[in-house]
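Read through the structure below, which is laid out as structure tokens, and then see the notes.
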Amino acid sequence: MSMLRAIFSHPSGRIGGTIVVIYVVVAMLGMFGITPHNPLQQYRIDRLHAPSMVYWMGTDLFGRDVASRLMKGVGQSFLVGVSAVALASIAGTVLGLTAAWFGKAWDGIVMRVMDVLLAFPAILLALLIIAVAGPGTWTSVAAIAIVYMPIFTRVVRGPALSIKSREFVDAARTFGSSRRYILTHHLLLNLVAPLTVQVTLALAWSLLTEAGLSFLGLGTQPPSSSLGLMLADSRNLMETAPWLLIFPAITIMISILGFNLLGDALRDILDPKTRSRTA
Amino acid sequence: MTSLLSVSNLRVGFGRDPARNEIVKGVSFDLAAGETLAIVGESGSGKSVTALSINRLVDFGGGRIIGGSIKLTRADESILDITLAKEPMLEKIRGSEIGMIFQEPMTSLNPVLSIGTQIEESFRLHRGLTGRQAIAAAKDALDRVRIPDAARRLKYAPNQLSGGMLQRVMIATALACNPRLLIADEPTTALDVTVQAQIMALLGELKRETGMAMIFITHDIGLVAGIADKVMVMQAGQAVEQGALGEVLDRPQHPYTQHLLSAVPHFESGRAARTDFTRKEKETPALDVEGLVVRFKVKGGFFSRAQGSVHAVENVSFKLMPGETLAIVGESGSGKSTTARAILGLVRPTRGSFATHMGSIADATDPSVQMVFQNPYASLNPRLRVDSILAEPVIAGGGRVTAETREKMKALLKRVGLPEDSLDRYPHQFSGGQRQRLCIARALMLNPSVVVLDEAVSALDVSVQAKVLELLVDLQKEFGLAYLFVSHDMAVVERIAHRIAVLYAGQIVEIGDAASILSNPQHSYTKRLISAVPSIDRRNQRFEIDTRQVPSLVRPPGYEPPEAQWREFGPDHRARAEA
Amino acid sequence: MSYLARRLLTFPLVMLGVSILVFVAIRMVPGDAITAMLGTEAGLLTSAQRAALAAYFGIDQPILVQYWKWLLGVFQGDLGISVTHGKPVLSIILERFPLTLQLALMSMCVALAVGLPAGIFAATRNEKLSDLGVRIFAMIGQSTPNFVVGLLLIYALSAGFGVLPTMGEFTPFLTDPLRNLGQMILPAVTLGFAFAASVTRISRSAMLDVLSDDYVRTARSKGVPKMSVIWRHALPNALIPVVTLSGVEFGYLLGGAVLVEQIYALPGLGRLVLEAILQRDYALVQGCVLFIAFNFLVVNLLVDLLYVTLDPRIRLGEGG
Amino acid sequence: MGRHFSTKFLSGLALAVTLGAAGIAVPASAASLKMAWKQDATGLDPHKQTAFSSIRLLELIYEPLVRFDKNLTIVPALATSWEFAPDAKQLTFKLNPAAKFQDGKPVTAADVKASFERILDEKTAAAARANYLSIASIETPDDKTVVFKLSQPDVPLLAAMASINASIVPAAEIAAGTIGTKALGSGPFKLDNWVPNSKETLSANKDWAGGKVGIDGIDISVLPDETAILAALRTKQVDFALINDPLVATLVPKETSLVLNRTPVLAYHVLQMNPSRKPMDNLAVRQAISCAIDRQDVLDTASVGEGRVTGPLTMPGYTSDTSTLFCYKKDIAKAKKLMADAGFANGFSATVIAANGEPATAAAEAQVIQSQLAEIGVKLNIKMMELNVYVDAWLKGDFDMAVALNGGRADPYPMYNRYWTKTGNLQKVANYSDDTLDSLMQKGRVETDPAKRKIIFADFEKHIVEMAPWVWLYTSYNYTAQQKTVSGFEPTPEGSLFGLTKVKLN
């Protein structure tokens, strides 16, 4: 509760939080199919209909309602984003934590593997993964997760190393606390703050990547909708039906903006360094 | 004497609404040319903010002067109210008329600029010197603060010099343009006690040479005695007492001043040492350390070959009896903390053995030895509630948290003087002193016989220190605890130690009865150390300037130090023979 | 020194990892060079024909043998022959690389020229309206995928000003600098947009951090004027995170910018890899990825070297 | 899907770009045609390359013995005349005495023999070899005469030779093993420079036996996105361009300085079913699907009406009135009844595969079909695939249904024999054959009388539509766009760029 209050009293937290809340609501509506029209229904008589009272954001080439597809697409992007970030953060946390704790060879192996992954340009790595597994929702989840995993690993390992040398960990060792207890209660618990920030930022990033992959035709497959796919479909129709470009583009921008703003606010709130600056 | 600086009813606030958040609440004082004013207070008293207001640096930290005046008499006899001055005017004043030095020499110099550049800058700005002239002036400035080999050191980056050296560089920079006022904001707090003495001596000499006035800010009233003409005591944003040095120290009027002078530990050369324990050599020691050696390999070069070792702890042996306090004293790098950490198994000893009454300690941790760390803010996991914190040693020992355990927690909390509802709170809801009490309670959860206290009161405000020390003494008596008290602070050590071991460069150079060592030190290092401790009794005492550095502890692989020769100076007092 | 040495030592290790990963991954992708070349007509091949083609493409041997042969070649500076181009992989990459390098350099120039002053300006106006403006702009910049930026940029320019990017055959800079810049400026701005936003944000926060550092206070206590405090004392220290960010971004840009190259029809490295993947030109994919990873690591090493010149603490070892 | 495959996977990336002038426009060499296409050639060996994009390039450099004109009549190329023996077991060509390779050496009968022997050699791995298997031996009575002896009557062989895959290459180059690394043909243009996926430079062949070329050369740039090509046309960076996507093509005429050439093509869009899988093995189910699909609606939605609903025979002279074909008018009632008869009154689910961007309309077609089939309870899952992956699955026959664009031929026999005869190479893709189809194909192969052939293949068409292994949808157009300053281009239903030889720049 106090966290929520803190977010909403932070200027960018207020804006970001609001966007994210709206985004999540829209995503949920889209996911559960509560949309003005059936997003798959092709009203072929009303093909490429401009925005109107019936079709708030117009219709596409097949006469499908853009607003409904947008909602469904937001739901889809959200699903992919959340799943990918969940995977990446769990895997990254486990790897980063164990690398920091055990050090030596294990640290070397983990970090070298992460170096290898990082040396691949993100989009190429995702592309290769998708080429191997075939495009689709869950493949893009896996691809985004693998691409983002090294970042989580690094984000966790750095602070974990510094927490490892903090005095309360030394204290725990002097009591003979078990490794598991120290890892979970001392390290992990104190990583919650940086992880929260990173998760928010990773969500923004994965929405961005999901859009890019779908735009390339590698993400969500038709007839399901996703924002990137809608943008890709709009490419040759932009002159005749600009609403096909503009609404998804703005939606992508605003939703990523929302998560970025929220992430910034969380960093301000949770990071003692910036907090102490005013003290 | 004409007044150089006249501050009246100064009020400074912070934040969006400075009037609501006042840190300095109406402070007034006068300073004559060549005079030294010491401002004494604990953290949060507003002493630093007051100092920063004088050259208006407080503006950059988010502060705002909301009332009063600061009148500076300039070199041309004109009077300037600094509270009203505009930034370009202030830039002219700073450095040329008011110099300033700060607490942390390590961070107060720009890491990416050579120290020469940083000193020259003052000459360029205020004297208009350029090129070779500026370099020459910078060299002179370094000479003036007694830095040997000044010409070469001008090219050094700050991280190549020790803290004491850096503080000298800071002083050289601040005094470059012969300001008529020097503000020194806790300039020695971050330094070792012998280095502190050097800096104090240097400041004293420079003051005499240049005739500048000085405002000296400190939390340590003991330090004031050596340098100040006048003293102002601050508490919670107000000046509670001010007057001439002797007046304030000898006849304090305000209760807070009296408290600072009486309750706070001051070094009394062994007269205040404890006498409540008699050592019986026959008894089984609570902790027996024999031949402890800790070395860290130094790796370097392209293939990370071992190039030698840091001999951090070299052949340290002592016996700690039940109910006794052994203080390990030394300066940074002396190996005192490493010794403590090795005993707790946090550092792997290269050689040596420990034994408690439970038998020798191998690798496994022994619940009969517990530790309290220096920094109460870092040694409690901020994300755990107090009950979890106290339960941890129990869980670690394989125990279960039962109703009985909770009762014990409550009892211990009460015993260390914390409120009953503490169990449900988080560490950040406690003050520093309270946290250290929590750490003590945690250490006592397993009924240890030995508690290692690593600088356990160093991070606390002076008046809190005294209370925690009292608590420690009481607990020792109540539970028959043996303390291994690691500290650099001789005043604190005097209050708690029965015996003292002086560590220098990883070796014990002198060990024995506390009163004997403090009153009659034998080893040259111990002598130097003790003479450097500031004391209210040593008013305006002069220190010799000495630029010796601690010897390097890095030795080539396979190096073994020669066997120590000991000389006895009494029933329980011996010192290492010197070459 | 030992830090750099360690980086140098892990360099070949990481390269080896990259090579294995790409070698295995590209072969796990369904379809091969034969179907890529012939499409559905491949169904007309007899098995003897298929075997002949497999031998021609060098995909008839066990994967380990293929890898070993390729690796031996790499050590001799031979990345293999591209079956689609019929030329050594290295020479193909080097044909495409100048464009990618130029694009990366131009984007970085755009990003630094805009981002650094904006970030510093915002930091000195902390919490004021102009600071807020810069921050919002930077936030939006960071939140917009570059293909959306490219899209909107072209749309806005053509609708608003009737200007279009030059999208004909690509002209190298040395052939015709003016025409080349005409082709490159919009892609560079597109890529530089998000980059500039990141630079703005990081330089602002670094500057804020540094401005509250002790040595800045020291400088002020000496009477150093405001501008000099910012440029001479604060900036060199604030540059370190900016250098890190720019280095990493630049390293990635050297890997080609697939989407932007596509949008502006530029034959850069990004498109080369994508095409190679699609045509199952194994040698070319491997060569490109290895080359890109190599550049990325080299850029990172250079960034480390740059640190060393920027910050004597690293040069001399902490606490030296 | 035939030759129309290419790496259009890239086409996900694109934007429409509106009018306006180029930043800096520079005139290129005076009389060279600046051309753009999206797909570049994938190789230079005329016998091996089957990709549409490769053939477009190679037919400017190499020549076969004969070629098709715009009416798909066979006209001379390297050969000036030819004749079948009456039993259709021997085919004789007379070569053009003026014909020379681009290195100045004359084209001889020995070159022809060597070229065909190379195609027939399994080691060459020429995909088109299957079309020439009836050649038993090749005789060269003199330098300018070639005689093909056939193992069986094979009338469609002549049409099969009108292909760039039957190009005549120098015997010396075959011996040297440089075919595919060096482009040395007898065609109207010489390849001066090729940077794959980036650009080609061609210059006119002064010695070309076919006549004088109207331009000095062609500079081709590969622009990976058709909207970028459109932008280049609009800014006059490009004189002439190939366009695949009807959505882009329809934007061309809006620009007053541009001309769009639109030619109906032989390739057909089709929904392939896999009759080896349940329930598509059931004739009634296949027929129901055929009846449930509104072909015109697919065309209108997926291809903005750019095209024509077609039966299996797409070539001029063989096409029939589609209204006579089985269920070419959508009939949901009939479809539902058929479904009920087959025992699928409640429908079923199946997966349809489609290649990403190949053709550009594939995803749209799949989606419209999905929505149409939903009306009879068939739940279709769409699986979009990268082209290579799709080809892999397609060749293995590993799909329930597939949306495809298959290449056409000027003659029905080579176009369909691979699918619908029991020995066809792609029978495992089609997975359907019956005696009627088999015998009709055999009859068509040996029949030399065009009128009789037409009747044979009309029967074939009627039968296969009724058996409905596939649902033929429509044929689209081939588009080229050009500046008004370009004149004289003659498109063909094959999409050939050979017409560029007659082009002039004003």
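Order as written gives the chain letters A, B, C and D; numbering starts at 1 within each chain.
Everything below uses one rule, namely that a residue touches a chain if its C-beta (ideal position, glycine included) is under 8 Å from a C-beta of that chain, and two chains touch if they have at least 3 such contacts.
As the structure is a prediction and not an experimental result, all values here were calculated from the model.
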Quick one: which chain's Cα centre is the longest way from subunit B's?
D
Higher C-beta contact count, A-B or C-D?
C-D
Using Cα averages as centroids, what's the distance between subunit A and subunit B in whole Å?
47
Please report how many Å separate the Cα centroid of subunit C from that of subunit D, as a whole number.
39
Counting only Cα atoms for the centres, state how far subunit A is from subunit C in Å.
22
Quick one: subunit B and subunit D, Cα centre-to-centre, how many Å?
86
Which residues does subunit D have that touch at least 2 chains other than itself?
9, 13-15, 18, 386, 389
What residues in subunit A touch two or more of the other chains?
131, 134, 215-216, 238
Listed in rising order, subunit C residues that touch 2 or more other chains are 29-30, 147, 151, 155, 212, 258-259, 274
Based on which chains touch which, is the overall arrangement a line, ring, star, complete graph, or other?
other
Which chains touch which?
A-B, A-C, A-D, B-C, C-D
Taking the touch rule as given, give the residues of subunit B at its contact with subunit A in the complex, in rising order.
15, 62, 341, 344-346, 364-365, 367, 369-371, 373-375, 378-384, 388, 392-393, 395-397, 439, 442, 446
Subunit A residues touching subunit B - in the complex, by the definition given at the top
166-168, 170-178, 181, 185-186, 189-190, 192, 278
Within their complex, state which residues of subunit D touch subunit A.
9, 12-16, 18, 226-227, 245, 247-248, 251, 297, 300-301, 356-357, 363-364, 366-368, 370-371, 382-386, 389
What does subunit C use to touch subunit B in their complex?
1-2, 5, 211-226, 233, 236-237, 310-313, 315-316, 318-320
In the complex, subunit A residues that touch subunit D
40, 42, 44, 47, 61-63, 131, 134-135, 215-218, 221-223, 232, 235-239
